[in-house]
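Below, subunit A partners subunit B and then partners subunit C, in two separate complexes.
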Partner chain A sequence: MQLKTNNIGKTFSGVNVLRNVDFDLKPGEVHALVGENGAGKSTFVKILSGVYTPTEGKIFLDEKQVNITSPIVAQKNGVSLIHQEPQSFSHLSVAENIFMGHMEGNNFSRVKWQDINNKSNEILESIGLKIDPKIIMEGLSIADQQMIEIAGALSKNSKVLIMDEPTSPLTPNEVGKLFDIVNKLKSNGMAIIFISHRLEEIRQISDRVTIFRDGDLITTKNINEVSNEEIIKFMIGRNIEEIEVKENQFIKNDEYILNVKNLSLSKKFNDISFNLKKGEILGFAGLVGAGRTEVAKSIFGAEKFDKGEIIYNGETIVNNSPNEAINNGFAYVPEDRKQMGIFGPVAVEDNVTSAIPKEISNSIGLINSKTVSTMTNDYINKFNIILTSGRQLIEELSGGNQQKCIISKWLLSKPKVLILDEPTRGVDVGVKSEMYEIINKLAEEGTAIILISSELPEILSLSHRIIVMREGKITKILNNKEATQEKIMSYAIN
Partner chain B sequence: MTLFDKFLRIRELGIFSIIVVFVIVAAIIDPRFMTLDSWRAVFLAIPLILVMAMGQMMVIICRHVDISIGSILAFSAIVIGLLYIQFPGLSLWLSLIITAFVGLVMGLINGFIVTRFNVHSIIVTLGTLSLYRGLVFIVSGGRQIDRNDIPEHVVSFSQTSFLFSIPGILIFSAIIVVITHLVMRHSVLGREIYATGSNPVAAHLKGINVTKVTLFCFGICGMLAGVAGLFYASRFGYVNPGVTGVGIEFIVIAGVIIGGTSITGGSGSVLGTFLGILLLGIINVALPVLNIPGEFQKAIYGLIIVVALALDQLIIYRMKKLSGGINA
Partner chain C sequence: MLKTISIYLNENPTLRYWIIRPEWVAVILLIISIISSIQLSPFFADLAFIMDSATPYVEYGLIAIILTLIIISGEIDLSIASMIALTAVIFGTAYNAGLGMPISMLIALFSGTLCGLFNGILVTQLQIPSIILTIGTLTLYRGIAQSLASDFSLGGYPSWFIGIDYRYIGIVPIPVIIFTVFAIVVGFFLSSTIYGKQLYLIGTNPQTAKYSGIKVDRIKLLLFTLSGLVCGIAGVLTTSRLAVARFNMATGAELEIVLMVMLGGTYIFGGRGNIFGTFIAFWIVVILRAGLNVARIKIESQLTILGAMLIIAIILTNYIYSKSQK
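Let's look at the complex of A and B:
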């Protein structure tokens, strides 16, 4: 099915977030949308999938004008949205997840279990997924849940598939699998919109690319006719060098701040030993599920460990709780920003100062709001956090700005050891390079940093040394002179 | 996974074994507990709770809770009692329809406020708990419906003389339990209720009419509380505006939760709920038999429920930890 839009615009309470979008999508095409966060691409696909209704403009499917007033109307017209975070029913079976909302019959009809199980099996097999449709969704990986969401769209005979940053929660291995499926769907004539921040992926999978900036559709190009540099230029409207893999000086000093010996936790990780110097950035590479986050959590006291020793500043310590860890000078920026990093409906300044209750309160425990504002404003300026005021709710900020707030929060507690878990996930290119500057500067000032990241260029450009983990074990410790993407991947996989 | 883990995983089996252990211990302490009279008492006590628990379970699976059911029960019982004073010949079937309708309307009012104004159901039903109780006093003028106001054919509905010495309320509640099971486990609507409770946002995106599903659950919950009002009038032979149904929501909700329904929605089964209610019924009957002094019974009953709920959460937590679902 061919999709066309004419002059689509959207205004939220007087603010014009999308203007005059003329877009077209052909059957059998993978069409990438790129743009910084807030550029309008998410608003645009939400309009196509019925989450928002456009303020102006028209949508055509196969030359016929359609009014997409809700997600259901969109789905009935063959347009399905695959969410960035899979929207699953964890208590229900795989088959129910696929067919929920469009099972045969009326309310009190008996569910045709055999029928939906068989059909689910067919669909799952057709995209090369071996999952028993009868098992309960709970416990399946994000990647599997995503595939099942795609299966759900296929069960509705969708002709247009919109994938909103589908690869951001996936490991490189899983991304490969997803691309196999996307290619298969494409050859069957599916029209696919693909949103991603990763240009290498876009180059790999898409036929055309459309660039958004500040609510405008800037241009649409065949992917072969445009370079990464050009795309980035279109995205930010100015020239900045693409983040390149640069060589950090190997740390010369011998001030070891942290020494982890034989740390083990059953079923999670085994025999983890490494040391960390002052001012060093130690990268942790590996596939999702390799146990990197678990190691970090154990060091931070958010999780126990069974065996091993943590030597910090020459003394053996055990952080029994995150609270103890913070007092000892540790900080942990978690990977799951929404659930573990922010207090959503709370003001930015209260979020930023939430880890240092003692510093912002007087002798009887009352909070001094002036101190809160000043401390926050320091970091708003320092990190260039975009907001209306420190009293704005943090959930209203973009992902990148939220992440800057979280890092500010931990820096206020003046950590000696800072653990960053996927610090730039879902953050746009501009903010990313700002974050890298921040991280490098912190290390120069003497903070020891553990950096967990699934993005190899990020690990390579920031780390002094790189620890590669696989299935709960350290398979290799590389220093940045010898590390390459290929080497890391080979240790991460086998 | 060890065999023990697997065993814990089947929630219903867990509750069933607690019941067995409890019965054995009670029987050892006092063999009188194993008499027919005790068990008759158990099975006369549970239909009323069980019927309400079916509706409550649906509401909880759909991520809400209805704490106004005690007042709905009282209102429906008062209405039917007042009707009996006027029309002593009112048939059982008509009584059922009237009480069901009264409860349905009250339940739908709860559901309407929850869905239309997006207020949390605890707050809404806490309000209507008081509102409906107030209506009971207004309608009854504060007077009790007495034993001799309730016609014989209604009283016999909860007596062993009803059919093959099985009380009518037991048969009737069994039918409701079976229907609830079929709807929840096998109907499209039933699965949509689970889906709505499991992830309301996803349910909406998949085209499920979340408002309709929520209204349905509250409606049925109210309806069954209304029917329980008739059971109450039949079984206890009086309806007192200040006593009838007071505090019953705690027992119903506790039974549903002990039966394995997740308070955060999305999971729960009719069999589990039945076993949860059965366990509470057995404890209730066992306490006097075990010579627990009268003034202690209520406190101990409450204590057991609280301990059971805490244990239950502990088991769930351990299970999740074993399966790697929780990291901290």
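Let's look at the complex of A and C:
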């Protein structure tokens, strides 16, 4: 199906977030959308999939104008949205998830299970998946859940598939599988919109790329006619330097701040030993589910551990809670920003100062609101956080700016050991490079940093040493000099 | 016009913060109820009459203030009315057993504290949702009160103890003074101290709160315990007012107390609300109840009106919060 938009615009309470978008999508095409967070690409696909209605403009499907007023209308017209985090009913079966909302019943409205299971099987086979449609969703990996969501779209005879950052929760291996399926769908004439922050992937999978910036569609190019540097230039309107690989691979001092010995937690991780110097950035690479986050949480006191020892500044310590960990000089920037990182409907300044109650209050607990704003404003300026004021609710900021706020919050606690868990997930390119600068600077100032990341270039460019984990165990510790993407991957997978 | 205002408010978060607040609903409702009551009877223009009408509700008001804290932190305590009855019955039993007034009072407060602690431990340690758990202890505590007192009224207190609602400073009954001072102290605690701030954070996102080093479980445990203690105080006050303690005292009062908190604009899902709203809502309930009595509406029918108000309060609060968020 061919999709065309004419002059699409969207205004939220007087603020123009999308202007004059003329876009076209051909059948059998993968069309990438890129842009910094807040550039308008998410708003645009939400309009196409019926989540928002446009303030102005027209949408045409096969030259016929359509009014997409709700997601159901969008689906009836053959347009389906695949969410970044799969939206599944985890206690229902695969087949039920695929046919959710359009199950056919017999005369007494009883579900025709046989029918639905068979059809699910057909669809899953058609995209080369070997999953039993009768099993419960819960046990499946995020990647598989995503495939089920795609299968759901196919069961509705979708002709236009919109994929919103589908690769961000996936491991490289799973991304490969996803791309196989995307290519298969493409050859069957599906029109696909693909949103991603990862340019290599876009280059690999898409035919054309459309760049958004500040609510405007900047340009559409054939992917072969545009370089990565040009795309980035269109996205941010300025040049960005390539991240350079670390020069001084070895930390001169020999001051070990943290020594982790044989740390184990049953079914999560086993026999984890490593040490960390002052000013060192220690990368943790591995697939999603390798146990890196669990190790971090145990060190930070958010989870227990069964065996092992944590030696900090020469003394054995146990952090029984995050509170104790923070008092000992640890900080943890969690992977799941929404669930564990921010207080959504709360002012930025209260978020930023939430881990330092003693610094912002006097002996009887009275808050000094002046201190709160000064501290917050310091970091707003330092990190160039974009907002209207410190009293703005943090949930109204873009993901990148939220992440800067969380980093500010933890820097205010003056940590000696800073654990960063996927610090740049869902963050656009501009903020990413700012974040890298911040991390490097912190290390230079002597903070010991544990960096958990699934993006290999990120790990490679930032870390002094890299620990690779697989299925709860450390499989290799690499020096920056000897590490390559291929080497890391070979230790991360079987 | 409306559009311009909303744009203006979006650009000024501080102003928006002050204007779009559900407790203004409570203030407006209070004004409406005062005006309509004065139409009903000139008594309502007399401050002394309103003060006197307030005394029977002071016990509920005290608990409503603590319940506001609990709801802001994302939990609820529905066993409050049963704790009033149980502590009152324990107080009466202790006094009638010859333990003397001071000891009996201490035992009442202590048993209230214990009940609250029990709620708190189960909620925080076993991670049982407080709405379910406190429905359980609502029944349990009332049951214990009933087996202690059967259908007897435990009375026989010295005359200095009876009738706290008839003692005044100026025209203000002493219970109303207790309530007001308590509201100011707790209101100040909630709005200006770091502990108050942490209650909002816990209610907004308990996970983030835990990862920020806030002692979520300990604070919740403390709140439930405090709720028990205040119910103990309310139990003794009620006994003083009624001169007897019975197992079926304050039956259904949990709903009236929840109404005060909701009407005051505290968000049922936690993270938002304040004491000022609850304080205003207390007076709405007082005037409404007195007005309905003056209008000779039966107690049984009054419940319908209060129920309707509770629903309206919840709808309005939700609506206003959804507006203030975007």
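Assume the second predicted complex is superposed on the first by the 481 of 494 C-alpha atoms of A that agree within 3 Å, B and C clash if a C-alpha of one lies under 4 Å from a C-alpha of the other, contacts with A are read in each partner's own complex, and residues count from 1 in each chain.
The rule is simple: a residue touches a chain if its C-beta (ideal position, glycine included) is under 8 Å from a C-beta of that chain, and two chains touch if they have at least 3 such contacts.
Quick caveat, the model's predicted, so the values are computed rather than measured.
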Worksheet item: Touching A:Ala347, do we find subunit B (first), subunit C (second), both, or neither?
Response: second
Practice prompt. Applying the touch criterion given at the start, work out whether A:Ala302 contacts subunit B, subunit C, both or neither, answering first, second, both or neither.
Written response: both
Item to complete: Figure out whether A:Phe89 sits in contact with subunit B (first) or subunit C (second), or with both, or with neither.
Response: first
Item to complete: Based on the superposed arrangement, let me know which partner A:Met489 touches: subunit B (first), subunit C (second), both, or neither?
Response: neither
Worksheet item: Does subunit B (first) or subunit C (second) touch A:Ile477, or do both, or does neither?
Response: neither
Worksheet entry | Partner chain in contact with A:Ile311 - subunit B first, subunit C second, else both or neither | neither
Discussion item. Can you give me the overlap between the subunit B contact set and the subunit C contact set on subunit A?
Written reply: 302
Worksheet item: Mind pulling up the subunit C residues that touch subunit A in the complex?
Response: 3-4, 6-7, 10-14, 17, 192-195, 197-198, 200-201, 204-205, 207-215, 271-272, 325-326
Worksheet item: Hey, which residues of subunit A end up touching subunit C in the complex?
Response: 12-15, 300, 302, 321-323, 325-327, 332, 334, 339-347, 350, 354-355, 357, 360-361, 364-367, 388-389, 391-393, 395-396, 409
Worksheet item: Residues of subunit B touching subunit A in their complex?
Response: 183, 186-189, 191-192, 194-195, 197-199, 201-208, 262, 266-267, 323-325, 327-328
Worksheet entry | Touching residues (chain side subunit A, partner subunit B) in the complex | 71-72, 75, 81, 83, 87-92, 96, 100-111, 113, 138-139, 152, 267, 293-294, 297, 302-303
